[in-house]
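Naming follows writing order (A, B, C and D), and every chain is counted from residue 1.
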Amino acid sequence: MGNSAKGHTLWFIPDGYIPPQSSGSLTSHESICVLNCSEEEAKLQITVYFEDQPPLEKLEASVSARRTFHIRTSLLEQDGRRIPAGVPYAMEVESNIPVIVQYSRLDATQAENALMSVMGYPAR
Amino acid sequence: MGNSAKGHTLWFIPDGYIPPQSSGSLTSHESICVLNCSEEEAKLQITVYFEDQPPLEKLEASVSARRTFHIRTSLLEQDGRRIPAGVPYAMEVESNIPVIVQYSRLDATQAENALMSVMGYPAR
Amino acid sequence: MGNSAKGHTLWFIPDGYIPPQSSGSLTSHESICVLNCSEEEAKLQITVYFEDQPPLEKLEASVSARRTFHIRTSLLEQDGRRIPAGVPYAMEVESNIPVIVQYSRLDATQAENALMSVMGYPAR
Amino acid sequence: MGNSAKGHTLWFIPDGYIPPQSSGSLTSHESICVLNCSEEEAKLQITVYFEDQPPLEKLEASVSARRTFHIRTSLLEQDGRRIPAGVPYAMEVESNIPVIVQYSRLDATQAENALMSVMGYPAR
């Protein structure tokens, strides 16, 4: 099917939440899992929306050509700003070329884990 | 990409259920997670469908401009009517402007938690 | 938004599985959660596909007007035929009017539960 | 509705991960659950994308006519190459005829299980 870009350039994930605690052998975390099928690097700009404060805009990430990148949201950073743990938020993922975006969360608040995953909502 | 409204004005979630019990350190709950990317407030009207009684109509909520709101379904209320716990139901979320809707449930019936999440089904 | 039918008349769920065991306080089960927003009853015909035998066709169910029905797959029955537990299968849900279909599974094989849910794949 | 092919011929799953460990009574695994409604066999070619190495291309599988196949990703193999456990990856599933693809993961790293599932993202 060739190596052309597949997917969309704008994705949304309304339910973001970084669990503040971990117990057991795994660490609580969320990831935005991005697949770039094309022959060029995908440059992402991520906007984070909150319930009670203005958005945190233009957190940057990139995904190499013909690679996936499972991005830990807790590691996104821009000018020292990060997504705080324990706070409900939402994400907008914009890419310069089409990509495919899935969101997954591992909650290890308890010793035993809980998992959830959704495909992002593509808007463009 | 500007601050225009994104998404749809009508969303459905067929599998609603408020777990009646909690144990462990977290509380069972469900949320409808709504993202409003626009510059104006989104006004929501939520209709709740049951298996054996007429719908509960026009529960109201709102999401501020350029904010997300993770709405606990157990807190929705209209004229003293609420969604009962422990009962299978379904939800219709109508908005005056386009928004994006995801549904998530944390079941803490047992000490260890279970999570599920789906993007809503957009119909208009 | 009126009471007209919303959704699709043909839905697919590739990952069906009735967990054969339960422990703890809840019972393992899966449900197809169907929402019928219209003013008339929805009549469903469910076809069950297996890995190694011909499909089980035309299991019937119905959803009343303006109601939801969270159908336990283990209770579907036609001429004494049921979906066996512990076997991978897939489902096709056909309706005479548009409905919305979500699939959820509670696995209580262990004392602590696991949950998963997906919106069905609409094909028509 | 007849026995014609339903679905799409190209699907993506950005969040692939084979849990390297199991405890308790179940085994950690992931599956791509494929439904083939048509009267002919579906031939699949699966491309696996990694974070830091070139894709593993053209892992083959097939799904018989009017059957489902819940394919354990750990069993996919081509010329002795397999998907490694414990490594984030993404999948592209291409089929010669339309099929429907769902992805599910059972994580039994802990004695109690965690489940997640998403419908694949259809691109063609």
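In this text, a residue touches a chain if its C-beta (ideal position, glycine included) is under 8 Å from a C-beta of that chain, and two chains touch if they have at least 3 such contacts.
By chain, UniProt protein names: A, B, C, D = Sensory rhodopsin transducer.
Since we're looking at a predicted model, the values are computed, not measured.
Per the C-alpha superposition, chain B (Sensory rhodopsin transducer) sits rotated 90 degrees relative to chain C (Sensory rhodopsin transducer), a value rounded to a multiple of 5. Comparing mean CA positions across the assembly, the chain most remote from chain B (Sensory rhodopsin transducer) is D.
Where chain A (Sensory rhodopsin transducer) touches chain D (Sensory rhodopsin transducer), the two copies mostly use different residue numbers: shared numbers make up under half of all numbers in play. One inter-chain figure worth recording: chain A (Sensory rhodopsin transducer) and chain D (Sensory rhodopsin transducer) are separated by 22 Å, centre to centre, where each centre is the mean of the chain's CA atoms.
Centre-to-centre spacing of chain B (Sensory rhodopsin transducer) and chain D (Sensory rhodopsin transducer) amounts to 31 Å, using the average Cα coordinate of each chain. Each of residues 111-112, 114-119 in chain C (Sensory rhodopsin transducer) touches at least two other chains.
Residues of chain B (Sensory rhodopsin transducer) touching chain A (Sensory rhodopsin transducer) in their complex: 1, 6-7, 24-26, 31, 33-35, 37, 66-70, 100-102, 104, 106, 111-119, 122. Those residues of chain B (Sensory rhodopsin transducer) lying in contact with chain C (Sensory rhodopsin transducer) across their complex are 10, 12-15, 17, 49-52, 54-55, 88-90, 92, 94, 105, 107, 109-112, 114-121, 123-124.
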